[in-house]
Amino acid sequence: MEVTLFIHAADDAFRILENAKVQAVGLLDTATRLTSETRWMEEKKVQGILKGAQATRSGFQNFFATFVMLLAFWALLSGKFDTFHLSLGVICSLIVAYLSHDLLFANVRVGDGRVIAQRFLFYIPWLLREIVTANFYVAYLALSPRMPIDPQIITFRTKLESDISWVALANSITLTPGTITIDIENREFIVHALDRKVAGDLDTGEMEDRVAHIFMEADHIYIQDVLDVSRVFAALKRGM
Amino acid sequence: MIASSDDIIIKTIARIFVPFIQLYALYVIMHGHYSPGGGFQGGVILGASMALLLITHGYDEVKRRFPENVVLLMGSVGVLIYAGIGLTCLLLGGNYLDYGQLSVILHVEPAHARSLGILGVELGVGFTVMAIMYSIFFDISTGGILPGDDKLNGELEDNG
Amino acid sequence: MNEFFVAVGLGLCLLVFLVLYRVIFGPGVFNRIAAISAVGTKTLIILLVLGYVYNRVDMFIDISMVYALLNFIGCIAAAKYLEMER
Amino acid sequence: MGYIIAALSVVCLLGGLFFFATATIGLLRFPDFFTRLHATGKGDTLAVFLCLIGFAIHEGLSLTAMKIVVIAVFMFLAQPTATHAISRAGIRHGLKPWVKGEERQ
């Protein structure tokens, strides 16, 4: 009797597990489809924006964005908000924006600026932590009597595309433990590393993935995308 | 003759910084009577921003953006503003650069007129200093011969 | 608080003198440029400390900003020149 | 509250001074040009950042503090770029990086 009960229980358990697996597979399918759909939509949007930007390249939008940024900077510098000084600020910002409206936003890959800014803000704490680690590493090396360093030069190819993401990656490499960017020659980063170990750390490409994620480049899976999928799941659950 | 730098990092960073540096230079010029600085310092910063653009983006780009004759004209206009304000004060019966006299034609009280006069003079000095800095930097970097001057180049070659 | 700032400034002055060793004896021009850039960053902070000493921080902050700017531009220009003169 | 702000500011400034000191020692002790750049490039960036943040905390929420933050952001972008520029010029000029076992330069 007990045996039959046990078998029944085991059967039930298996069925539940099976069910759960089917459901999970279904959910995962939905999620993949959703992400690919959203990615497609995002790409469509980016292409639309790109087309629009090409139509009005070096046109009024760039000029206006530059002007607003410069005016904010002026207000920060001046700190005098009476009419006279504000009008001076408007005139100066207009002059500088006219002279350099195609400098500030030249060949930036046009994505959703808001998303880039948001992701960049989330990138900064991680970068700060890395910088502090880097500085303790340098302090340890500088203060240790034996100075255990073994410098070497490594090169790697990058999959990033736009110049601004190259700059972000290069400066991040310079600021993180034991590595400085020496040169970029047709997509090859030449990096001077203090140690064999930090060179290996760089080769894992975590930082590159993070930078690629910020500027919405390349198409591979990032850690953040997994988080996005979990957000989609939550939305689905609420919808059910 | 300065070619464009082939380093993408320096180019991009300079591209992002230059508008802000220029605005900062204009701020230094305009606020010369509250904070340190004034025409000369602001002009130097403005010239430095152009030097940054020149060493990163090369001669052709800068020449397209700020043609040399326009910049030199700006320098002359700066001197004209300076001398004009000074002479106006002289004509209105004061000393040279006695800004208080400007209240008669600006229809404001003398203190405000003094402030406006100083602003104008700072502006003139700033433009002049910027133009001269820029021109000196251009001449040094090109050896005094601009690529457009084919005739001059030919003459120099003829003379050995 | 001001006494503490002055102490920080004095410590930075000491560090500047240490860096001056690299500026004077450093083998080759590149070591010298790196050291001068380091002196520039320390001077930036010393200027702010001076601002607190004279109670005119709003004024010295502008000077400090200009110093940072010219330090950067000078560094880039020197690098460019040495790169051209191969 | 005033004590907390003062303590934070003091901690930031002392941290900045410490990293300045290690960067300087690194600049003096490391064996060649590129390794010295490691010391100044990283050390000075964080040290300047910490010092400026310390001043900004002491200043409180005002326009001067905002200007200090602007300088901090500027240094944050400019310092690695300057380091990169010098190192690139060095390697194009033909400086050989030091490898383990050589004489220090």
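To keep things simple, chains are lettered A, B, C and D as they appear, and every chain counts its residues starting from 1.
The rule we apply is simple: a contact is a pair of C-beta atoms (placed from the backbone, for glycine too) under 8 Å apart; a residue touches a chain by one contact, two chains touch by 3 or more.
Predicted model only: the values in this text are computed from it and were never measured.
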{"item": "Centrality ranking, top chain (CA atoms only)", "value": "D"}
{"item": "B-C or C-D, whichever has more C-beta pairs in contact", "value": "C-D"}
{"item": "Distance from chain C to chain B - Cα centre to Cα centre, in angstrom", "value": "27"}
{"item": "Centre-of-Cα separation between chain D and chain C, whole angstrom", "value": "11"}
{"item": "Distance from chain B to chain A - Cα centre to Cα centre, in angstrom", "value": "39"}
{"item": "Chain centre separation (chain B, chain D; CA means) in Å", "value": "33"}
{"item": "Set of chain C residues in contact with two or more other chains", "value": "58, 62, 65, 69, 76, 80"}
{"item": "Multi-partner residues of chain A (at least 2 other chains)", "value": "77, 170-171, 181, 183"}
{"item": "Numbers and ranges of chain D residues touching at least 2 other chains", "value": "23, 37, 47, 63, 67, 70, 74, 77-78, 81, 84-85, 88, 92"}
{"item": "Chain D-touching residues of chain A, taken from the complex the two chains share", "value": "76-77, 79, 131-132, 134-135, 138-139, 141-143, 147, 149-153, 170-171, 174-175, 178, 180-183, 190, 192, 194"}
{"item": "Chain A residues within the chain B interface of the complex", "value": "66, 70, 73-74, 77-78, 85, 88, 92-93, 95-97, 99-100, 103-104, 106, 163-164, 166-167, 170-171, 181, 183-184"}
{"item": "In the complex with chain A, residue positions of chain B that touch it", "value": "7-9, 11-13, 15-16, 18-20, 22-24, 26-27, 30-31, 65-66"}
{"item": "Chain D to chain C touching residues, read off their complex", "value": "6, 9-10, 13, 16-17, 20-21, 23-24, 27-28, 33, 36-37, 40, 44, 47-48, 51-52, 55, 58-59, 63-64, 67-68, 70-71, 74-75, 78-79, 81-82, 85-86, 88-90, 92-95, 105"}
{"item": "Partner chain A, residues of chain D touching it in the complex", "value": "18-19, 22-23, 25-26, 29-32, 34-35, 37-39, 41-43, 45-47, 63, 66-67, 70, 77, 80-81, 83-84, 87-88, 91-92, 97-100"}
